[in-house]
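Listed below are the structures to be examined.
Presented sequentially are two complexes of chain A, the first with chain B as partner and the second with chain C.
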Partner chain A sequence: MKPAPFKYVEVADEDALAAALAEYGDEASLLAGGQSLVPMMNFRVVSPEVIIDLNRIDALSYIDCREDTLRIGALTRHAMLEDSDALSRRCPLLSKAVGNVAHRAVRNRGTTGGTLALAYPGAEIPLALMTLGADIVLRSQREERRVGIGDFILGSLDTALAEDEYIRHVEVELPPPDSIVSFVETSRRHGDFAIAVAAVVAARNDDGQLSFLHIGVSGGVGAPVRVTKLEQMIVGSDLDDQVIAEGIHETISEIEVFGDHHYPEDFRRHVIQGVLRRALNEAIVGSERRHVQ
Partner chain B sequence: MFNERVTIELKVNGKTLSESAEPRMLLSDFLRHNLGFTGVHVGCEHGVCGACTVLLDNQPVRSCLMFAVQARHHEITTIEGLATGNEMHAVQSAFRKHHGLQCGFCTPGMVLTAVDLIRRVPDLNEEDVREGMSGNLCRCTGYDGIVRAVLNAADDLKSQPQRQVSQTEGRS
Partner chain C sequence: MSSGDRPFPQIEGRLEDARLLFGRGRYVDDLPVATGTLHAAFARSSHGHAKIAGVDKSAALAIDGVVAVFTAADLAAVLDPFPSIVRGAPEYRGIAADKARYVGEPVAIVLARDRYVAEDGVSALDIAYEALPAVTDVDAAAQSTAPLLHESFGTNVVWKNQYRYGDPETAFRNADRIVGIDLKFPKYNSTPLETYGVIAEYLPETDGYVIHGNFQGPFSLMPVLARALRVPDSRVRVIVPQDIGGSFGNKAMVYPYMGLIAACARLAKRPVKWIEDRAEHLLGSASGTDRNSRIEAAISNDGRVHAIRMDIRENVGAYLRAPEPSCVMRSLTTFSGPYRIESGAIEAACVLTNTLPTGLNRGYGGQQYMFSLERLMDAIARETGIDRLDVRRRNFLKVAEFPYLTTTGSYYDSGDYENCLGHALEHLRNEGWERTRNRLRAEGRLVGIGVATCVHSAASNIGYVTLALSPEERARKGYNTKSGTNDFAQIALDPSGRLRVQIGTAGAGQGHATAVAQIVAREFGLGVRDVDVIDRIDTETTPWTITTGTYASRFSVVVGGAVQRAAVRLAGHLRDIASYLLNAPTDQLDIVDGVIKVRNSNRSLSLRQLAGATQWNRGDLPDDLVQLHVSESYGASNLRSPDSENRVNAAATYGFMADFAMVEIDPITFVPRVLKYIAVHDVGVPINSQLIRGQIAGGIVHGIGGALYEHLDYDENGQMMSASFMDYLCPTASEAPEMVIDHFDTRSPFTALGVKGCGENSAMSAPAAIASAVDDALATFKTLISELPITPPAIWRHVAGAQ
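== the complex of A and B ==
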């Protein structure tokens, strides 16, 4: 038995969750899948005084894929995303991303809300949602509010969640149906956190021109980033290789990266550049091929 | 408030068992120490090695990353619940026949992970098996035998699919 003692509070519905957070907020941790929280408790990196277990709130576990909007409940397990046909048809970026998350036994427990609330820099699902431009819906007894993911993840392990708030669901405006996606990750071991990942969603208009491009990267020290400047540069460039190469170079120099005891800074930048180039190439060439067909 | 004990009633291998423990008691320790399911092997205790894998409602999970209180509403299958009397599950037999174990420490987690993989992925090839089993570590590095055992078990179960269903349901 490794974790320090805590008071265990199990809640059965959202109102009870909001009430428990209002009562214990500053000393409590929310327990969803527990695939990061429990190891941290086992190591006693964290020792919350109160654990609020929300695993019985079935109403927070769903994938609702409409024509142009996707909603994912905060308690949706990664394995549900992995197994969802609707998702692989309409939002394949998330399907690809989730396949890179740890291993099946972890994906059976880990949740969308949990990985967002932790905001670990090497986590795959936050990057995919950042690339897609998701909104996060937060709720407390005070209010319900919607925050763009760029304003939600503030940095490494840092989010805009207030002490009495929980994540209710995420909402994604779906990319065009014929988009091509790529998700390229480099990690030390299979299933490990990424050293660097790049995610791209690309689509072309009827004339074959690149008309939709979202690019996200992570591998720095902070939040995953959506690189809108690079998107605009490439969409307007007639896909000039030189422009793309310069754009990638410039993008990487603007990402905050530190060296640490695992890898020096230049190595990290080198890996980010590699995954970004491969992901862009895969999606842009893929979308060209789809257009020709 | 702290150190309070709660009664934890769990359904393990089809049988309902009850013991009291603190809420911080990990499911892995509860199964081993309180309920005596010593086939639940505890390795790294932070979700990396896969030795403590059990089936929770027929899905593999790390029992070291759950608190025992959380398992109250679920059915758990440990390695002890896989055989039917003296007849081993097809995956267990294949591990024995194809040298899928050396010291045996990783074996319960490997077997339960394989049971789920075979059920979930039709027509497994070697790459699927290596990927599907990659969350379980074997410090004897006996992976070739493990992969061979899983592939053979998948073939065996395909030729007698009705056994797979009945044997993976919890039993006492």
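== the complex of A and C ==
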């Protein structure tokens, strides 16, 4: 498990990074946390000719909590998100999601930009961002552009990132301050990749009606799915258990689910429904409790 | 009080810890290598079954730093196939020649200046494969229509045999009921932290080899290696490094790689080093067998079992390589487990498939068999309506029956199964297991408790390997009979008066040095740290036998026995010399706190003074006094070769395990979790409770791995679906349950120390206990788990199928 020979380029700032990408483009891979890239190189699953190491670009590592939005620099380590009190107060879905990413040792190195660029199916941070709503800011020597996360993650391991582009930061729409979140993941062992995972953010209006509801699912579905149809069915409704269960069943049946040797499609679909039911229940009950308080 | 009754002195921690915990272990990769040593990397088959049409080395050889590329054809100049236990078995060379038969099989070896360049060389090889249909299921492979792995052999059933003990036909004819189940036990591994490593050199001046390898034994594999290398046994010098990072049986099967790397060294005329990486280890080292079986019991209505009928189809992978088919022997020789089952009819077949060849794997047939027998006991409970524990109790051997000769010739030394189980049950009650289960169930959770009661044979009799042959073959003229297990220990008093013990166990972190120091310290009234222990094997200088090695939980019985004998004999020599120097009869001398004292007197000698006198002033001592260096051997008792009825005492001792598991299954995701585990074991006499506890805790988690997580999983094309730790799931600390580990010991009357081995323990019984717990958790669905691992999709199918 030794990688093939490669050229190593270290860049100290964003201009150098953009220039290196312009020069090497399709021959290069970016090295941030390396938690996915390095094992893939060691297995020789990928053998990039050039590695551009951007770990010295401190300016890309930050968490900036504002009134309605949150900006996270692409090089922000998962551990920084995990340890951030501001994040756990203002964006608890992301806090909960990041705690499920592998193990702490991996979280010490892995980055927001890295996990987005990889778009591994079932990855927790992309799911949380998809559920909340976020824009990804991309830059190259040519231009800077902004892409909605739904247009950025195209499928399993597939994104809209161009060969000469890098991710600068993510802008997250923050949910109402009193919203309740639920993040339910199922995996074989603690820290494993998810078999199925559901993320829910819910908030009630002054009348106690469920007025804000974002739902996302991931795990065997390619890109994480924002289940807007189910949101619309539930918001403003009586929150009848039976209706919700049927709604889950119907909307999940319409999503394309991929089976594999280890987890057949029908099993995955069943489990996605299960974790979603659990997450919705937690959020609905939790938001009611919060409203009453 | 004789020393044999004194307790063993204890220490906190182990003698080995300081070295290992501070990074000063000396593993094979730490050994200095000669200048000019080449590094090897293997090209391995990406096909489960394929003809190898050609290997184009040119691009690889053109890489700067690549020195040589060898294929089977090149190596055949100096390396023969490794001999098999079964005559006429298909050739096994360790490297594919005309065909690749499993994903991961070595196809070529690249030698280069470092491992990076060697792997570049591997990537540059152009190997032409012509894919063939593959077969990975053991029953499918046994069909006459299956793709043949070895055409000239004509079938994939590489070995089969039948065994009959007692009178099973009558028992089945007269049975009140027959209870039968079909079972599948999976293919998985131990996952030692350290992978295989070999450094080899050929010595043209003696036509011999020096091979450093983290080989754990059994050293009966040494002649196999020597034969393949075409040199006499004495010309293969094997040096096992001071430290091995875990083995669990797996490092028995490094021997083919030792042969391959040694042959490379000879052809290249330079030493060669190879350190296996993790990807290779999963694909290409060795694994336990997977087994499809059917087991039936002839029972009376009160649940007593009178006979067993069993049909075993064992998957040994793409080649039958020594020491297989020994994988099935525990299932024959201890088929009755802890129960009074007086008859048995067993058919066993080893079948070849396009999967990784097998070898020793902690338990080695134990877990496969205990799963069958214990699932059968639960099935009997279900069919008769008798409680699971009562069924077992009604069949248990009773204390008064020991030593007990089973119908297969296994001679159980001692045991008190009823009370050992009772002790485990006490823990279950004290910990409130049933209360906890009921409370969780009231919350809507699926929780169950399971049980397994098993006999743990330890210190195997090499004779049992020969059950692979028929009695007629064994009776043939010229056949060399095999039996016994034995080992050496040396002990000396050095000139400064310090005791030094030398053993050769090929230990892998079990704490052998500590246990040995305790045995010796007890004999001389010393502290554990007052004794130095060297555990090292260099076949040129360390006394060894063909049964040497750490496997079958033999260490405490065999090496412990040799150490005890050596210590007693040395103590005797000390008394002889002291008797002269102190002018007192030997029976008036006591050795206490490292000092030899004359009883009822203040005359004494320290070990230092005695050593000094013997070393510096030997001439003034009587001529017939001996020097203070002893080499002893110990052979376990009662281990004869098999008789003409295939009866043999499989092992020197027989321990016992009473295990309980509590398992929860998530009702929505079907993810299983082991919440709690109780293990009460009989180890005869404990030398060191910390060591034993560590072994059992590790065994429990290993067994959990086999029951729920670990699976070397091949698809129907022979592709490996768990080729990395992403898919090959080892339990981590987070998956380990709360464990209660306790003893209920019955001393062995047959071993020098009264000990019974304990290394494999719950790795063998936990899969059965967990399956039993899952059935209890899913009781409303009336499952009978008969297949492992118990995965979420598998549970879902059971539940969905029942609804």
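Criterion: the second predicted complex is superposed on the first by the 291 of 293 C-alpha atoms of A that agree within 3 Å, B and C clash if a C-alpha of one lies under 4 Å from a C-alpha of the other, contacts with A are read in each partner's own complex, and residues count from 1 in each chain.
We adopt the following convention: a contact is a pair of C-beta atoms (placed from the backbone, for glycine too) under 8 Å apart; a residue touches a chain by one contact, two chains touch by 3 or more.
Note that this is a predicted model, so its numbers are computed, not measured.
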*Where does A:Ile51 make contact in the superposed view: on chain B (first), on chain C (second), on both, or on neither?*
first
_Which partner chains sit in contact with A:Ala194 here, chain B, chain C, both or neither? Use first/second/both/neither._
neither
_By the touch definition at the top of the document, which applies to A:Ile167: first (chain B), second (chain C), both, or neither?_
neither
*What is the contact status of A:Val38 with respect to chain B (first) and chain C (second): first, second, both, or neither?*
first
*Which of the two partners, first being chain B and second being chain C, lies in contact with A:Ala105: first, second, both, or neither?*
first
*asked:* So in the superposed three-chain picture, is A:Tyr8 touching just chain B, just chain C, both, or none of them (first/second/both/neither)?
replied: first
_Touch test for A:Gly274: chain B only (first), chain C only (second), both, or neither?_
second
*asked:* So in the superposed three-chain picture, is A:Ile72 touching just chain B, just chain C, both, or none of them (first/second/both/neither)?
replied: neither
*Kindly classify A:Ile248 by the partners it touches after superposition: chain B alone (first), chain C alone (second), both, or neither?*
neither
*Touching chain B and also chain C: which chain A residues?*
1-5, 43, 190-191
_chain C - residues contacting chain A, complex_ = 115-116, 119-120, 123, 277-279, 666, 668-671, 709, 713, 715, 721, 724, 726-727, 729, 731-732, 734-735, 791-793, 796
*Name, in rising order, each residue of chain A that touches chain B in their complex.*
1-8, 10, 31, 34-35, 38-39, 41-43, 51, 53, 55-56, 79, 102-106, 108-109, 190-191
*Would you pull the chain B residues touching chain A in the complex into a rising list?*
1-4, 6, 22-26, 29, 45-47, 50, 53, 56, 59-62, 64-67, 69-70, 73, 113, 116-117, 131-132, 134-135
*Quick one: in the complex, what on chain A touches chain C?*
1-5, 43-44, 186-193, 195-196, 261-264, 267, 270-271, 274-275, 277-278
